[in-house]
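Two complexes are shown next, each including chain A; its partner changes from chain B in the first to chain C in the second.
Up next, the complex of A and B:
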């Protein structure tokens, strides 16, 4: 979690209409809290994560007094949610703060070499962005949507090596990729999709190859598209780039929530 | 009961361990043993306590329904345990002084896991 934790108290004190919790995940267990009431929650435009749970104090939910609602890229929560710091959730006795937590999984400790089936020298995880907007006034017609995003990479690392670059996807409907070998010698490229699951390196993910790893000649371009109807729904893309010589390459990945 | 050596291992093996024989009673016992080590007067404890509040709520529901968790409830419980273990491990390892979560607190969470899950 980012520290100090982003707090919605400041937004209320500043009389803003909303508070934006916009932060990269730093651990698979990130959970945030709010001590102020809201009239709506929605996924923000910069979010990579697609599914968020909001846990809140609810006097009708005896004996635990905790209720939960899921928000997603297709569903907002419009309605008053008020924490009650004078009361506690039961049986934990934790004060009745509103809790905000991703339900999508993230696991940066997975063994990428096992996933792709050959040695990986190093890896780079693009941390998924959590973007949730907490509104303090009425929001008729609230329509959540994630922005389309572009991830670009060049010359990763300080020496020739095989890199795995992990890019958040989380149920996007479509994407495209373009790898260009800008070095004077062959460099390798391959692309996989993964779904994070809870387990060790032997069973902690599910994976499918999208582009077979191949050594590409100088100047070669590998490009293509990813479609939900063809490639399924998954959590992240793993691009494997085997650099050599000057290590010059260009990798661009675009992801979108539209077909 | 498991004998996981650290919180990362506890998290990654949560499904394997909790699948075997745990139910709402075990989950409640895990939370009850761990929560006193994360008092609310210290803000750094809130994230761990918040996860334990989520898990205890689920566990209470499961116990009330007959203490035979459905596959979906088990998945939710495993997910909460996986996340709280990795979050605790992360907060314990952040290079600040004093630590956001102390070694003793991390050890207490692991001990509760090994005792009840």
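Up next, the complex of A and C:
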């Protein structure tokens, strides 16, 4: 959870009609809270996550008094959701704020070496962006959609090594990748899809290979597309790059919610 | 020795007023003294504490009586045991208070100092972007209560003429009672 936590109170004081919770995930258990009522919730454009839960105080939900509604890239929540700070959730006795949390999983401590089947010197996680918009007044229409995104990497690290680069995907419909070996010597490249699951570091994921790891010659280009119909849906892409010499390479990955 | 000027006709006539009083020799009632007057028209120091007195209408309307206000009220997270916040206190004037909720709420406004639970019906629940107008009588307070942080626009328009009408009516009642021989 980012610190200090983004505050919806500030949006009210700043005369805004909405509060935008736009922050990278830090841990799998990130939970954000709001002390302001809402008339709608929707996924924001910069979100990498596709499924987010809104937990709110509900007197009818004994014994915890907590109810929950999920929003996604295809489903908004339109209706009044109000915190009740005069009441508390049970048995935690925490004030009845509205809670915002991802239901998509994220685990930056997974054992990537086990995924690819050989040693990984280091790994680089692109933290998924959590983008939720909480509207304070009525909206004529809400069409949630995530922006298409492009991730580019060049010359990672300061020495020749094998790197795992984890890129958030979370149910995108399509994507493309392009790896260029700009070094004068061979460098390796491979691509996997990964689904986080609840478990420990050794079994908390499910993987499928998209591009087999291969040592690419100088100047080689590896490119292709990822389709939901072919590759399924998954949470993240894992690109493995084995650098050598000058570490010159270029990797570009595009992800989209359209076919 | 200086010669004494004879009184003019005007000064002689002025000394005979008012004609309607039946006493031709009485001099006119002097102008009201500078006795401090409150805004409601009642002398600050009662003349006779043993008798009830009828409030008199204010002779003049002060600038403060016509003062308007427009501001934004931010509801806060209510503290346990804290008193219900007062949105507007009509201590001196009647007032027309218009409140508009700009956030999602829930926010309740009413004349009862106990507004919780908000959905109990003790106050009016505001609807987002829908102005609600209250005519607040003098001596009443408008309370506000919320379960979270909200933004409320408040416009206050004073009704000084209501105050004066009340005073005039009371004066009329007093006159009628006096004509009937009833001591108020």
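The definition used in the following text is that the second predicted complex is superposed on the first by the 256 of 259 C-alpha atoms of A that agree within 3 Å, B and C clash if a C-alpha of one lies under 4 Å from a C-alpha of the other, contacts with A are read in each partner's own complex, and residues count from 1 in each chain.
Please note the rule applied: contacts are C-beta pairs under 8 Å (C-beta built on N, C-alpha and C of every residue); 3 or more make two chains touch, one makes a residue touch a chain.
Just so it is clear, the structure is predicted and the values come from calculations on it, not from any experiment.
When both complexes are superposed on chain A, chain B and chain C end up sitting side by side without clashing. Of the two partner chains, neither chain B nor chain C is touched by A:141.
Once the two complexes are laid over each other on the shared chain, residue contacts for A:89 go to chain B alone; chain C is not touched. Once the two complexes are overlaid on the shared chain, A:66 sits against chain B while remaining clear of chain C. In the superposition on chain A, A:119 makes contact with neither chain B nor chain C. Within the superposed three-chain arrangement, the count of touched residues of chain A is higher for B, of the candidates chain B and chain C.
Once the two complexes are laid over each other on the shared chain, residue contacts for A:99 go to chain B alone; chain C is not touched.
Once both structures are fitted on chain A, no C-alpha atom of chain B lies closer than 12 Å to one of chain C.
Shared contact residues of chain A with chain B and chain C: 97. On chain A, the positions that touch chain C within their shared complex are 8-9, 12-13, 15, 17, 35-39, 80-86, 96-97, 135-138. Only residues 72, 74, 77-78, 102-106, 116-117, 128-129, 147-151 of chain C touch chain A when the two sit together in their complex. For chain B in complex with chain A, the touching residues are 8, 11-16, 28, 31-32, 35, 40, 43, 46-47, 49-54, 56-57, 60-61, 78-79, 82-91, 94, 100.
Across the interface of their complex, chain B is touched by residues 1, 3, 5, 26-31, 33, 55, 63-64, 66, 89-95, 97, 99, 101, 103, 105, 109, 198-200, 204 of chain A.
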